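Down below are the structures I want you to see.
Note that chain A is present in both complexes that follow, paired respectively with chain B and with chain C.
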Partner chain A sequence: MLNILVCVKQIPDVDLVKMDPETGNLIRTGVPTLTNPLDLNALEAAVQLKERYGGAITLITMGPPMAESTLRECLAVGGDEAVLITGRPFGGADTLSTSYTIVKAAERFGPFDLIFCGKESLDGATGQMASQLAERFDAAQISCCLSIEEVKDGRIRATRALESGRELVEAKLPCLVTVEKDNYYGRLPNLEAYLAAKKAPIVTCTENNIEGLDLQKIGVPGSGTIVPKIYPPELPEPGQMIRTGSVKTDVGRLLELLAEKGTL
Partner chain B sequence: MNKNDYKNMWVYIEHDGKTAAPVGLELCCEVRKLCDRTGDRLYAVVIGALPETELEKVKACGVDGFILVSGTGYDFFNTDAWANAFTVLSRKYNPSAIFVGGTVDGRDFAPRFAVQLETGCTSDAMELDWDPETGDIQFIEPAVGGKIMAVITVPVLRPQVGTIRPGTFPYAPVGAKERVEVIEERIDFDPAAIRCHPVGFIPDENDPELDIAHADCIVCVGNGLKDGEHLERYRTLARLLGGKLGCTRPLYDRGILPYKLQIGQSGVMVKPKLYISFGVSGAVNHTAGVDAGLFIAVDKNPNAQIFNYCDYGIVGDMDEVCDELIARLRAGDGKLI
Partner chain C sequence: MAQYNTITPEVAAQLHAAVGEGRFFLREEVDPNYSHDEMPIYGKRLPEAAVDVETTEEVSAIMKICAANRIPVTCRGAGTGLVGGCVPLAGGLVLCTKRMNKILEYDMDNLVVRLQPGVLLKDLAADAQKHGLMYPPDPGEKTATVGGNISTNAGGMRAVKYGVTRDYVLALTVVLADGRVIELGKSVSKTSSGYSLLHLMIGSEGTLGIITEMTLKLIPNPVCDVSCLVPFRTVDDCIRFVPKIKLAKLDPQSIEFMDADIVTSSAAFTGNPIFPERVKNEDVGASVLVTFTGYDEEELDQKMIRLGEIAKEAGALDVLVVATSANKKSAWAARSSFLTAIEADTKLIDEMDVVVPVDKIPAFLIYIRALGDEVGIRIRNFGHAGDGNLHIYCCSNELEEDEFKRRVKIIMDRAYTKCAELEGQVSGEHSIGHAKMVYLRESVGEDVFDLMRQIKAVFDPDNILNPGKVCDSSVTM
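Right after this comes the complex of A and B.
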């Protein structure tokens, strides 16, 4: 029986986020949200382990109250318990304080044998949450996991992707695993699970009910990094556009230009 | 914490016991410039033995000193011993900043020691700047899918930790300093405390189609591609041009092409003589990875950012343009590269 934690995140659809040219702030209002796609690969890996070895999956996320919908989506795929960490004081957190907060909130559901994370989020995309969670859980770490071969006798064997090949590793439990999407495509929930997840209870953690929470280590005060400024990327002057009226003549003109340049 | 108590900048030199990975040298070259402004000394941190000839290469990047770490626990890379070594060193010497190459290993252990030290960690900066007023490094990086650039700082805590992707900065050694300090540190890590062990390795098959880093010509397909069935014509075009096929991140995310073909900051950095993009929007994360002799862009959106990076642009249906190019090349209109 494995006790598994899966960390998930609700993110804005980054394709639709715009920057206010006047204030330089990001406009998120009305932007649709989704569950970070790589987290669904991590969840799938966890669900497969639960099916193979038995056990329980706790889902955890931090975000505004609407992040509950991400938890329900994941519950429908496979999860026994869902934890939402929410509250103003948690806002503006970087990975240093987010990792602290998640580990503190998860404590009462642990200890965990395995912790699963997506490789990175599509919005923040620092890719460093997993390592920092592993450190705070005092867990081993297998990043870029392609497939899990076995969990046995307090150890996990898995194959991971390196720059030049695939590495088979063996780690002690507890272990945090970040999952590549190649072999763990997220499954669709069946109708029954979907309906059950809609009604499932969600545990809400706030700054007031997480035991031993140090308020100086959460949100902005607990963050190591700040973002003092954002600005649109400086774009080079556009190149020469070829507009002759048809694809045929456009391509012809391009080939002429290339011939002049001596590239062809 | 008084920031002024923290001085000098460190670059981690990743190596396999034989050669130093290029990213460490690239970072030394870039951080050298930063140190020249801040007045900090630049130290290269090497864990485990590295041949003298390789240390000479590091020296040529203008470092002021080395910190050479030996001891137990470093027979193979493991996050536990590496994170511990940096924590121990940092507590002893109080560096202002630590830079680590954003490789698989670097991205594993750097955020971990940042937590051990309870300090701020950034990843994937594309530019490094320095604010003399605050004394803080500015890590500048694309955010929100490349729509904006964000300046990130570590305003209170030290050291400032940053992982930076290979190929972000040029390798441009300024030459060795006359005197280079060498600090030798023995930091033993109990091998029994290493929690993750490699037990096997299968090198990737040497598929020349997947080696795009050195290709002279690249046909790059972006998210404008309707589906995998439309891909073949781009392969054909690449073949006719004597080049290779590459892609942007969404095509990898969509499961259409493998990660090894993903061009950009978080994929492969390329330097082809000729680069033709089809259906690529031009996010900074992608264009940062392209250093092309001649850049041609094709996209149906006339306002696409990609046209700001190209030499020549064609607005139109990517498939039609590709088909026409293939037809003309087959008809002998171009003898290529």
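Right after this comes the complex of A and C.
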């Protein structure tokens, strides 16, 4: 029986987020949210292990109250318990304070044999959380996991993706695993689980009920980084398409342009 | 056989002048894509010339020139047809509407939109949504033009609940073969005002006139939607489930059927295995994807619960829910890719788009699969199970083209006969073009076919509009 923690995050639909050209701030108002897709791959890996070996999956996320919908989505496909860390003091956290907060909130549901994370979130994309969590949980880490071969006798064997191949690795439990999507495409929930997840209780953790929480280590005060400015990358000048429909006219125009630029 | 003239330098100059610089193309300047649609197996032919039109006035001027000089004119949108409908069989001129792509205005009091025929379906759908409205017809090919959809009376996935393109066309501006411009229909919700030439024009595949402006009906956008995937062990069990959904008064927006082969092809093609091939340790033989729309989640939950009950009674392996935006996007992307997925792993392909009474679907599918095995042709199928419209694809990677065509003809001949026996129709939504004319004739009989020809002659006495299509056999490949 495995006790598994899966860390998930609700993100804005990154295809729809735009940047305010004046302030550099991301405009999130009215943008639909979704569960970070790579977290769903991690959850699928965890669910497959639960089906194989038995056990329970605790889901944890930090975010505004609406992040509850992400937890319910994950409960529907195999989570057993869900924890939402929410409250204004947690706002503005970077990865350092977020990893601290998650580990403190998760303590009462542990100890965990396995912790699963997506390899990064599509909005922040720092890819730092998993390693920080592994450190704080005092767990081994297997990154870029393509497939889990076996969990047995307090050890996990898994295949990792390398740039030029694959490697089979073994680690002691507890172990944190970040998952590649190739073999762990998220499943659709079945109807009963979907309806049950809508009504399932969610454990809410705030700055007031996480035992031993150091308020100086959460939110902005606990962050080790600051973001002085966000700005879009400078893009090269877009190309010009010449297509009048007549090859003769197109070529003539091209020659004119090249002459104007002094290329000819 | 009708006698047509070639495009002389003088006529070319007149056509060129009618549209202006950069939109008239003569002989080798013509885009080779104008020689075919998405089914090149029905043959290709390049026109002598092509024009990209932008206004009704230009179309009228072009038609006057072509009528005076007896030049055949084949109208074309995005070229996504599947029956050779826009292939210029008699050469002449291809008149392309792709630049007539403006959405002109919304009338929010009457929920109608006025637009040009070259607007793409996906662009109309997205734009209507921004106005809080929905254009219900939803053919799988989202890059088709709306004008093309009207010319073929395209159907699509939502037809079960909302009907087909015809049900949303209120008015059309049409240029006749001699260049006269007529208005058909009005922005009214009912009419009992003489013969409906509007409805004659819809689905006429560019043989009666050229549509240059449309007024379409929209509906308020449903607040929420959810889909359920219901997998079964066998195709037969799956199809027998379809009428039960309707009888349960669940009012689904769509009921899409997919067999195991097409799910596998689509997953390989898109890299998106959202439709499972195994459920509860059993192989899935076929699934239906049922979509509900509504105005609150509770309403949808109740519908899903009822669906779950009848699915269980019908022996479904499970009921899976497609509720999140990401899963919806994946599911519909996979569903919309079925044809592309078949095309991607098939060298030779032919198709039929029959529609049969819903309760006859299993009989037809069982027949066609056995026929494919007997003749030695791989059959792939999917379709709109909710309205009995099946897309059957004959595929081969091994056969030479001549042998493929010989075998497919055997299949087509026998399958359309079977379709007629089952009280079905030749085409549910892809139309006739030139590829299915012989089967239309057999299906409707000589009296009806002759009436169609007489109607065509009234609109186009010199037979210059899209010759060789629907009911005109005077021009062939």
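Please note the rule applied: the second predicted complex is superposed on the first by the 243 of 264 C-alpha atoms of A that agree within 3 Å, B and C clash if a C-alpha of one lies under 4 Å from a C-alpha of the other, contacts with A are read in each partner's own complex, and residues count from 1 in each chain.
Note that a residue touches a chain if its C-beta (ideal position, glycine included) is under 8 Å from a C-beta of that chain, and two chains touch if they have at least 3 such contacts.
As the structure is a prediction and not an experimental result, all values here were calculated from the model.
Chemist: In the superposed arrangement, which partner chain does A:Lys152 touch: chain B (first), chain C (second), both, or neither?
Modeler: Neither: A:Lys152 stays clear of chain B and chain C.
Chemist: For A:Arg108, using the defined touch cut-off, is the partner it touches chain B, chain C, both, or neither? Pick first, second, both or neither.
Modeler: A:Arg108: touches no partner chain.
Chemist: Which partner chains sit in contact with A:Arg52 here, chain B, chain C, both or neither? Use first/second/both/neither.
Modeler: Neither partner.
Chemist: Identify the partner contact of A:Val247: answer first if only chain B is touched, second if only chain C is, both if each is, neither if none is.
Modeler: Both partners, chain B and chain C.
Chemist: Just chain B (first), just chain C (second), both, or neither: which does A:Arg88 touch?
Modeler: A:Arg88: touches no partner chain.
Chemist: Using the superposition on chain A described above, determine whether A:Pro32 touches chain B (first), chain C (second), both, or neither.
Modeler: A:Pro32: touches chain C, not chain B.
Chemist: In this superposed model, does chain C or chain B come into contact with more residues of chain A?
Modeler: If we count touched residues of chain A for both partners, the winner is B.
Chemist: Now for A:Gly239: first (chain B), second (chain C), both, or neither, which partner does it touch?
Modeler: Once the two structures are laid over each other on A, A:Gly239 reaches chain B alone.
Chemist: Taking the contacts chain A makes with chain B in one complex and with chain C in the other, which residues are shared?
Modeler: Looking at chain A, the two contact sets intersect at 37, 185, 247.
Chemist: In the complex, go through chain B and note every residue touching chain A.
Modeler: That would be residues 79-80, 83, 103-104, 107-112, 114-116, 118-124, 142-157, 163, 195-204, 253, 255, 259, 266, 273-274, 284, 293-297, 302, 305, 307-317, 320-321, 324-325, 328, 333-337 of chain B.
Chemist: Quick one: which bits of chain A touch chain C in the complex? Just the residue numbers, please.
Modeler: Answer in residue numbers: 13, 32, 34-35, 37, 40, 73, 76, 185, 187-192, 194-195, 198, 244-247, 249.
Chemist: Name, in rising order, each residue of chain A that touches chain B in their complex.
Modeler: Against chain B, chain A makes touches at 14-15, 17-19, 26, 37, 94-96, 99, 122-128, 131-132, 134-136, 139-144, 157, 161-172, 175, 181, 185, 223-243, 247-248, 250-252, 254-255, 257-259, 261, 263-264.
Chemist: Show which residues of chain C lie in contact with chain A when the two form their complex.
Modeler: Touch residues, chain C against chain A: 21-23, 25, 29, 52, 228-229, 272-274, 276, 301, 304-305, 307-308, 318-327.
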